[in-house]
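What follows is chain A paired twice: with chain B in the first complex and chain C in the second.
Let's turn to the complex of A and B:
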């Protein structure tokens, strides 16, 4: 008798406390998303907004997307770029974190240096790599030429362009994984490590059976964040390759950008954005389930 | 009594003095208000970055001082400007008061009713000696809507010219300036990579730099623009032209040539790292800038090469217009009137600008002097090019509202061929199919 009213008032307090935040969240997130979904059911073109904002063929954009080879290619490019760059970021971030995981003043300074790429504005990162990848002005190309190993432009080579973007993306974002892993490593108790050493475990065994299981949730979270964020890869592609050569580096959001901002097809671009949103939701659900499942083991 | 009367007189005099002082201090403001009706207005002016735009910037304080108008002058790069302005115009926003009417967007922006007709401003707010007729009629044509009204005042007529930065290498090989597509190939074969200079580079906006070759080979962008907009990108002539053009870039271009923008191309020509190019006159003329160019004395210029079906130099016109959403249209007109005046055109020419739209500037002795580089008269080449384009009428393809969609397919097609992903036939067939899909999405009946 006394518990229920307390629970009810507790629930009410939660709702009242959360309401302002939920209202703001709804206004700045849900309403635009709703507008996006609504527009995706119209053929809205800003060159003729009055005649093109109608719902005569609500699934028309989605049907067209299904048959649009350039869109399907962009999804494939997006997956390749996301998977390769996130995998590289996790590997490099983990490796650097393991190297820097010690209590020394110099390592603290080195950690701060490694954070620089992550805090640079994305357009600055893109310009840095534009210089690095332009043979005429690139110190990298000049150095290779001086040692007798001239390399053709990577960003105009269809076999290398996506890797070049992936590499630049990794350079910018591996510090995020590094930070997450370092935080996890520094929270790790010393006892199991000492016990393993006493039992004669070598470094690899300690890493495999003690350290890695401990930091795995942090890696999963870092991977999830980076994977979702990788769908937004834009400045690097815009500055370095403009989606080319051809469509080799044209990811889905870049294709959506072209449809919206070059051609004014807002209905079509909104449909692309809705599918991207659905993809991001699906991915985060799958990964969180996978991460949670392993946590329970 | 006397003292009181004196005090009163003194007070009256003080009030009179204050009143006179007040009136005097207000008077200039009253005079200014009459001469400067837009004083205190802030104008947002945006053009893409270029030579004229840079020359205009230091002159703007003069306009501000004369009118009391404050100008916020923004000149982003060409693609950024077009994307940003396209969005701003499409929403009828009030963010821009004066905007550049970009040539490839002119049909779309004017046709969609996104710019203000300027006829009434010309009739009612412009002195006759400002002289609209002085602006080349060919330049005014793309700024004229279907209703016959003028929507932009041209400040630029740019033509595609051929340039060689290391013509000394060509002469050393016993050859002359190439006049045809075959001669260009022969010259490139002879000079490519000589003295660390690549043969050929051009702006990777191939929707602009490729059509002179497309038409030279007998191809066309549309079946019959603006009446029949069926793309013609997979015709045998178009495929042959794409194959030829891609061959120039792939086999004679510097490493990474398909990432070259106009600025990169010009820098490469000025440093002598690339020998030949076909790009806009306002850019090739920068080779003649002795302060930044190493190749002034070895440069040579000519018309774009003639192909099997003739010579088709590209011609582009850029103009200033007033977006319909602007809240300061009258003040905006004052800026346009000033920026496109005879005086500003002449001052720009004196400072080295090579592509004015005013006949008085084009025929001025200053223009001839400035645009003669290493003995080559770029002005004469430009006028010849404009004449060829005016007679041929082939530039109509460029001002149809849906050209930006096809423009992009041309960019992609040339990239695909040069990077070896597809041959010319495959790439142009893909460009044709995707152009048709885009045009259908825009509601064009084909």
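Let's turn to the complex of A and C:
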């Protein structure tokens, strides 16, 4: 009997609890997004803000994007970097997870240490690899020199710079895939494995037909998460190559940053940001669909 | 494995247990004593057995070193090598930066000179901004997460998607409007400005993560508190919140770490007064020449809190960083 007024007063109390957070979240995420979209329809430039804030040619920025070879190049650089580093992370993360998936105290300690790259401040990761790629302080370069194979720095070499960044990105983020796969492996029932072993399946067959199908959803989710985050890659590029040599490592995010904060073309940079936001939205929606699907099973 | 485990267990009970029962006058009495001794041992064994079991697990692990463990350890060394190189570089004496030998007397000179430079101020800024942002996000986010968990709002799914998108959104999308708003309002290059910006991702994390913790607390406890005369929020404050304390602490740590690690917002929204430690590192790289030990020392200092937190609250951190990917 006493539960009834409790239920009624609860609803009101919950709305009071929820409102401040949603108001703040709205003020700091929805309003800026709206402002961003509005600005993306103007040629706003910070050098002359009053005369450039108009809507005479609302789609001008978007039309210009299609003809801007530097932008199109940045998209292709972004795709190369994202796809290569995410693929590497998935392969390495999966391999390490399979290696560490056993109930041994040592292995669980090793698992813990492997998390370090992932939690490090990205700027420190960038610093670590700046040191690795700078011949005068890098132990790798010194070693190669000592055996008579001096190599010039990878990050100043136009053919290698992007792969050097992709490698550093993989170093930082393979633990994410490792974690996701380990979590999936730990929830895997033993029975099918036993049955397969009794039926005489070899290790590869067991992996291919039993283990892999079981961890595939975890891999897909990990891949999607990392794909979205890879569009934000900034500190590594800023510190290692600054987009160069030339525009070889200039990803879309970095190009938007240059347009806004070096050239002060706010309208144009906003249009780039809107496109990136749309991409993030689309992929998030995919993840929530996937997550929901996963729930129903 | 089972054998040696149970062996170490009984071995641990004996020293922790009670004095051996003295041979009593009657058999019954001695039996009684033995019984109570057993019981006492059972009660007291707690800690020592636990630690003994852990040691035993380690020993078993070391004893049964196989290819897998060797492979894992070698891999660990290879993967952690760049990280360890940074740390050793920060400890090198300035006159021996490019020394070949790994055997050197560690020196704290680089750290000392950092503390006397602007870096100290940036480090303090980082601490203030990260702590305040974590605190504010908890203040707003925790009640919201609780309300979302306990009440089936119709817009729940849409709010969840909104929060996910906020987490996924590229920072540049928020930076451009925030920069314009801050230039106009004078929040550019202030700690307060950064604290507000960090709410964009921290608030989403708090609302997302705390829901899983609240969902684990049975609602019956709150109803009991209500019958005892508590209102909704006082029941929450006195009953539910204390029960989620570990999750709350972990969420706070996670917010702190995410703010601490941020580079992009701080680079753009600060200039001189409110620079955070990551921006100070970049300034070293760009303006102070290539003082490698000093640069390495600043990197080591910046990662120190994060590495410490990782060791302390690892399992919670893992849960937070993979939130949305792994279902609890």
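Here is the rule we go by: the second predicted complex is superposed on the first by the 251 of 297 C-alpha atoms of A that agree within 3 Å, B and C clash if a C-alpha of one lies under 4 Å from a C-alpha of the other, contacts with A are read in each partner's own complex, and residues count from 1 in each chain.
Just so we're on the same page, a residue touches a chain if its C-beta (ideal position, glycine included) is under 8 Å from a C-beta of that chain, and two chains touch if they have at least 3 such contacts.
In this text the structure is predicted, and so the values were computed from the model without any measurement.
In the superposition on chain A, contact of A:221 is made with chain C only, not with chain B. More residues of chain A lie in contact with C than with the other chain of the pair chain B and chain C. Contact with chain C, but none with chain B, is seen for A:273 once the two complexes are overlaid on the shared chain.
In the superposition on chain A, contact of A:261 is made with both chain B and chain C. In the superposition on chain A, no contact is made by A:73 with either chain B or chain C. When the two complexes are overlaid on their common chain A, residue A:241 makes contact with chain B while staying clear of chain C.
Contacts of A:48 after superposition: chain B is touched, whereas chain C is not reached. Touch criterion met: A:136 reaches chain B and chain C at once.
Looking at the shared chain after the overlay, A:153 reaches chain B, while chain C stays out of its contact range. On chain A, the surface touched by chain B in one complex and the surface touched by chain C in the other have residues 136, 261 in common.
For chain C in complex with chain A, the residues that touch the partner chain are 54, 57-58, 60-62, 64-65, 68-69, 71-73, 75-76, 79-80, 82-83, 85-86, 89, 97-98, 100, 140-141, 143-144, 146-148, 150-151, 153, 159-166, 168-181, 196-197, 199-200, 203-204, 207, 223, 226-227, 231-233, 257, 260-261, 263-264, 267-268, 278, 281-282, 285, 290, 292, 295-296, 299, 302-303, 306-307, 309-311, 314, 317-318, 321-322, 324-327. Contacts from chain A toward chain B in the complex involve residues 43, 45-49, 52, 64, 68, 70, 133-136, 152-153, 155-158, 240-242, 244-248, 258, 261-265, 268.
On the side of chain A, the complex with chain C involves touching residues 2-3, 6, 9-11, 13-15, 17-18, 20-22, 24-25, 28-29, 31-33, 35-36, 39, 96, 99-100, 102, 104-107, 110, 112-124, 127-132, 136-137, 139, 142, 171, 176, 179-180, 183, 218, 221-222, 225, 228-229, 231-232, 234-235, 238-239, 253, 256-257, 260-261, 266, 269-270, 272-274, 276-277, 280-281, 283-285, 287-288, 291, 294-295. Looking at the complex, you find that chain B touches chain A at residues 83, 86-87, 90-91, 108, 112, 204, 254-259, 264, 268, 273, 401, 404-405, 408, 411-412, 415-416, 418-422, 427, 434, 437-438, 441-443.
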